[in-house]
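Shared chain: subunit A. Partners: subunit B in the first complex, subunit C in the second.
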Partner chain A sequence: MHSKVTKIILGTIGVVLLIAAPLVITDRYVQHIMVLSGVYVLLAVSWNLLTGFAGQLNLGHAAFFGIGAYASALISMHFHLSPWLGLLCGGLVASIFGGLLGIPSFRLSGPFLAITTIGFSEITRMVAMNWVGLTRGSLGLYGIPPLTPIKLGQGTSIEFTTEFSAYYVILALIFIIVYVVSTLHRSEFGLTVESLREDEMGAESIGINTSHYKLAVFMISAFIAGTAGAFYAHYERLISPNMLSTGVTFSIITMVMVGGIGTIWGPIIGAVVLTFLSEGLRFVEEAINLDIRMIIYGVVLALVILFMRQGLVGVLSGLGRFISRNPERQT
Partner chain B sequence: MESLFLQQIANGLIVGSIYCLIAIGLTMIFGVMNLSNFAHGDFSMLGAYFAIYTTAYLSGWFGWISSMFIAAIGVGIIGYFVERTMFRPLMKRPTDIDVIMLSIALFIILENGAQLIFGATPQMVVDPFQSASINLFLFQTSYIRIFSFVLAILIIIALQVFLTKTKVGVGIRAASQNSKASMLMGINVSFIYSLTFIIGSALAGLGGVLYGTIFAVYPTMGAMPTLKAFVITIMGGMGSIRGAIVGGIILGVAETLGGSYLSMQYKNSIGFIILILVLLTIPQGLFGRGKRHA
Partner chain C sequence: MNILEGKNITKRFGGLVAVHDVDFTLQSGEILGLIGPNGAGKTTLINLISGFYAADEGSILFKNEDITRMKTSDINKKGICRTFQIVRIFPKLSVMENVKSGLVERKRRGPWKVAFDSLTKPGGKRSGKGRSDERAAELLNMVGLYGYRDETAENLPYAYTKRLEIARALGTNPEVLLLDEPTSGMNPKEQNEQIDLIRSINDKGVSILIIEHVMRVIMSISHRVMVLHYGEKIADGSPKEVYSDPRVIEAYLGGEARAEH
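Presenting the complex of A and B:
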C-alpha cells in the first residue's frame, strides 16, 4: 500500500515535470534535443519490445524508422493527406514490412535472423538511395508539410511548427505507446512473448503458436518505429536515406543496452541520456576537432555488455534496494 | 558480348577467391566457437592498413610479400587480444545476442578508430606489378588480379593441409564437431579457441591485403566484406569450409554478372537477395550440418 502511494506521487511529479519542462527550458536548441530524444525513446522502446522482450535480434530497426518516415512524407506530399493521419499511415506501412521481416523469423534465430535483418535494412537503404524518381535519392525529400494546425474555433489555432509544440506531440505519443507497451508486457501476451526469448521450444511444447506471436511482435514494434519515423519526417521536414543506415540501428541498440535491455524503463532512460550525451559530445568534438562520438558509443556498448548487463535500470534499482533496506534494519 | 561475359566470370572468380579467404575465417570461428563476429571484415580493414604502412617503408616485391606476413601476424595478435579480453568472458552467457552485440560494439570501435587514426581518404596498397595487365585471349585482366587469385587458392590449400595433416589442425576440426567430447579426449579446447580466432582473423587480414591491392583501402571498407562473408557462410552452411569456398565463388560471380547485366547500383544487394532465397529454401546451407543437429 505504502509503496503504491509513493509510486503514484512520484509518477505525478514526473508527469508534471515533463509537461512543465519546455515552459522552463525556453532555449530552442535544447527543446529540439528534447524532441529528438523523444523520437529515440519511441525507437528504443520498440526495439526493446522486439529484442529485449521477445528475444528476436533485429539489426535492421532503422529500416522501420525510415519506411515510416518516407511513407508518411510521400503520402502527405502526393495525396495531401493530413500529416496527423500520416503518423498512422507511416506506422501501418512500416508494420506491413515488419510482418514481412517477421516471416523469416519463424525459422531463424540468433545470427541468422540478425544478418537477415541487416540485409533487409541495407536493401531498403539502397532503394531509398537509388529510386530517385520517388525518393530523390541521396538528396532526400524536403518540403514535407508540418503537422497541420488544430483549430480551436474563433480564429485561434495551435500551430505545430515550433519545437515547443512538437515536444507535446511526441510526449503524448510516448505516453500512449509506453502505456500500451507496459500493459502488453504485464498481460498474458507479454508473458507469452517473453517465453519466446527464454525457451522457444518449451513454449511450443505447451501449445503456443510461436509464429503468430513473433509476427505480432514484429508488427507492433515496426508500427511504433514507423510512427516515430512519420513524426520525425513532419517535424524535421527533411529526410534522407541516412536515417536508414545501420548507424541509426546501432545507436538505438546502444541506448537500450545502456538503459537496460528487457525492462520498461531502460530504453526510455537510455534514449534520453544518450541523446543528450551525444549532443554534449558534439561540443567536445568541436573543441578538440576529432570525431570521437561513435567510438565512445562503441566503448560504452562494449563495457555495458561486459560488466553492466542490467544497464542503468539495474544500477538504479540496486541503489534503490540498498537505500530502502537500511531503514528497515534500524527499525 | 561473349568476351564481356567471360571477362565478368573471370572478375567474379578473382573477387570470389578473396571473399573465400575472409569467409573461411568467419566460418571457422563460428564452427569452433559458435561465435558470430560482426567485426570480422574490420580485421580485413586492419590487415589492409598494415599493408599500406609496410609498403610505405619497404618498396617493391619484398615490401608487398612482407606486408602479407605482417598483416597476418599483426591482425592475428589483435585477434588474440580481442578474443581473450572481449569474447572469452561472454562464452558462458545463455544467449548469443550478447556476443553478437559485443561484436557490433567492436565493429563501431574499429571502424571509427580507424577513421580517427588513418583518416577517411581512400588509399591503395602499392601494386608490385605496377598495374601491368595481361591479355588472355578470352579476357583481359591485370597481373595482380591473377596473382591474388593464385595466392588465395594457395592459402586455402595450405589451410586445408594444416587442418587435415597436423595434430593441432585435427584438434580444431574435432572441437568444431563436438567441443565437449574433444575436451574429454584431452584436447586443450581453450587453446584451440584462441588459435581458431587467431587463424580466422589472420585470414581476414590476408584477404584485406589482397582486397586493398585490387580495390581501395578506407576505414569503412570492412562493413561490406563482413556482410558478404556472412551471406557466403550461410549459403555454404555455417561452419563448413568447403561451403565457404563454394559460396564465395558463387557470390563473387553472381555479383559481377549482376552488376554488369542487371544494375550497378544494386550490386551490393544481390548478396542479400541470395541470402533470403537460401534461408527460405535451404536454411542449413549447401554443405551445412544444421539438419542433422536440429
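Presenting the complex of A and C:
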C-alpha cells in the first residue's frame, strides 16, 4: 500500500510538472525542443511496441512517420479537411501501410524481416522524392495548414501556431497513447504479444494465431507513428523526404535502446534525453565545425548494448532498489 | 473410440521420405508410446499432427474431423496440444505468465477483440486476480512449480522447464497431448516424477502420444507402443509384444543383429 501511495504522489507531481513546464520555461527555442521530444516519444513508444514487446524487428519505422505526415498534409491541403481530423487520418493511412508491411512478417523474422522493412522505408522515401507532382519531391511540402484554432466564443480562441500551445497538444497525445499502450501491455493482449517475441512456435502451439497478432501490432504501431507524423506536419508546416530516412529510424532505435527496450518508461525517457542531447550537440558541432552527432549516437548505442542492456530504466530501477534497500520489490 | 487417427501419412523433404505411409490410431484415454531410432520420423509425425508441417499424402482425423491442413493454432483450439523436444517456453516471462498465456479464455476471440477487452475491462489478466489466476495456480500446483510462480522462466532448472511447458499446454484444455521426449535430460528421480505427472494427466482423461528414448519410461507408462524405423511403422502392440519383436530388435541393434546372419 505504501508504494502505491508513493506512486500516486510521484505521478501527480510528474503530471503537474509537465503541465507547468512551458509556463516556467518560456524560451521558444527550448519549447520547440520540448515539442520535438514529444514527437520522438510517440515514435519511440510505437517502435518499442512492435520490436520491444512483439519482437518484430522493424528497421523502417520512419516510413510510418513520413506516411502519416504526408497523408495528413496532403489531405488537409487538397481536401481542406480539418488538421485535427488529419491527425486521425495520418494514423489510419500509416496503419494501412503497417498492415501491408505486417503481411511479410507472417513468414519472415529477425534479419530477414529487418531487411524487408528497410526496403519498404527506402521505397517510401524514393516515392516522396520522385513523385514530384504530388509531394514536390525534395523541395518538400510547405504551407501546410496549422491545427485550426478552437473557438471559445465571444471572439476568444486558442491558437495552435505557437510552440506553447503545440506542447499541450503533443502532451495530450502522449498521455492518451501511453495510457493505451501501457494498459494493453499490462493485460492479456500484452502477454500474448510478448509471447510472440519469446517463442513464436511455442505461442502458435498453445493456440495463439501469431499472424493475426502480428498484423494487429504492426497496425497499432504504425497508427501511433502516423499520428506523430501528422502532428509534426501541422506543427512544422513544412515536411520533406528527409523525415523518411533511415537516420530517423536509427535515432528512434537509439532512443529506445538507451531508455530501455521492452519497458514502458524506457522509450519515453530515451526520447526526451536524446532529443535534448542531440540539440546540445548541435552547438558543439557548430563550435568545432565537425559533424559528430551521428558518431556519438553510434558510440552511445554500442555502449548501451554492451554494458547497459536494460537502458536507463534498468539503471534507475537498480538505483531505486539500492536506495530503498528492498530487493524484493518488483519494478 | 479413436480420438486421433492417421491414414497413409507421407511426408517428404526433398528426396528424403521422413514419414512413409504411416497409419496410426490413438484411443480415447490411452497413452501411446512412439519409439524408434534417431531419424525414424517420430518428431516429424508430431509436427504433422500439430500442424507445423502439412502432410504430402494421407490424412489426420481428430474425432473424425479432418485436421490435415489446419493451422497449428486452430488445431490447438480443436483440442490438441504438444510440447517440444527442446522446450519452447517463454524465457523472459515469469512462470505464472507462461502458464497464463496458454489459458483458454482467448479462444475464438481475435486480437482486436482481445485488445478492446483489455482496454475496457482493466485490472487485466496479466497480474490481476481474475479467474485465470486461479486456474494458473492450479496448473502450477499440479506440476509442482507454484513456489516458483514469480521466477523468470529462464532461471528454472531444465527439468522444471519441461514441467512448465506441460502446465502451459494443459492450460489450453487439450483432449490429446503430444509429448516429445518429456523426460530427456532428466535424472532417474526426475524421470519418475515426470512419469507420475504424465499418469495423473492421463487419469484426468487426456489421451497422450509420447515420444521417448528412455525404454524404462516408455515401457512402464504406455498402454500401447508404436515403432517407427526410417519413416515406416514396423510394429504396433503392447509394450511386451513390441519389446520382443525381432524387427524392433533389429532396428535398434541393426548392425550387430545382421552381422550374426
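Heads up, the rule we're going with is that the second predicted complex is superposed on the first by the 325 of 331 C-alpha atoms of A that agree within 3 Å, B and C clash if a C-alpha of one lies under 4 Å from a C-alpha of the other, contacts with A are read in each partner's own complex, and residues count from 1 in each chain.
By our rule, contacts are C-beta pairs under 8 Å (C-beta built on N, C-alpha and C of every residue); 3 or more make two chains touch, one makes a residue touch a chain.
Fair warning: this is a prediction, and the values are worked out from it, not measured in the lab.
Enquirer: Between subunit B (first) and subunit C (second), which does A:W47 come into contact with in this model arrangement: first, second, both, or neither?
Expert: Touch partners of A:W47: none, neither subunit B nor subunit C.
Enquirer: After superposition on the shared chain, which partner residues are touched by A:F65: those of subunit B (first), subunit C (second), both, or neither?
Expert: In the superposed model, A:F65 contacts neither subunit B nor subunit C.
Enquirer: Based on the superposed arrangement, let me know which partner A:I208 touches: subunit B (first), subunit C (second), both, or neither?
Expert: second
Enquirer: On subunit A, which partner touches more residues: subunit B or subunit C?
Expert: Result: the larger residue contact count on subunit A belongs to B.
Enquirer: For A:E188, decide between first (touching subunit B), second (touching subunit C), both and neither.
Expert: A:E188 contacts subunit C only, not subunit B.
Enquirer: With both complexes superposed on chain A, which partner does A:I253 reach: first (subunit B), second (subunit C), both or neither?
Expert: first
Enquirer: Contacts for A:A216 in the overlay, against subunit B (first) and subunit C (second): which applies, first, second, both or neither?
Expert: Once the two structures are laid over each other on A, A:A216 reaches subunit C alone.
Enquirer: For subunit A, give the residues common to its interface with subunit B and its interface with subunit C.
Expert: In subunit A, no position sits in both the subunit B and subunit C interfaces.
Enquirer: Would you mind writing out the residues of subunit B in touch with subunit A in their complex?
Expert: 30, 36, 38, 86, 89-90, 95-98, 100-102, 104-109, 111-113, 115-116, 223, 227, 230-231, 234, 238, 263, 265-266, 268-269, 271-273, 275-276, 279-280, 283
Enquirer: Using the touch rule from the top, collect the residues of subunit A that touch subunit B in their complex.
Expert: 51, 55, 57, 59, 104, 107-108, 110-112, 114-116, 118-120, 122-123, 126, 129-130, 197, 246, 250, 253, 257, 290-292, 294-295, 297-299, 301-302, 305-306, 309
Enquirer: Which part of subunit A faces subunit C closely enough to touch in the complex?
Expert: 180, 183-184, 186-192, 194-195, 198-199, 201-210, 212-213, 215-217, 220, 330
Enquirer: Subunit A touches which residues of subunit C in the complex?
Expert: 50, 52, 71-74, 76-77, 81-84, 88-93, 97, 100-102, 104-107, 110-112, 114-115, 117-119, 122, 124-127, 150, 165, 168-169, 171-172
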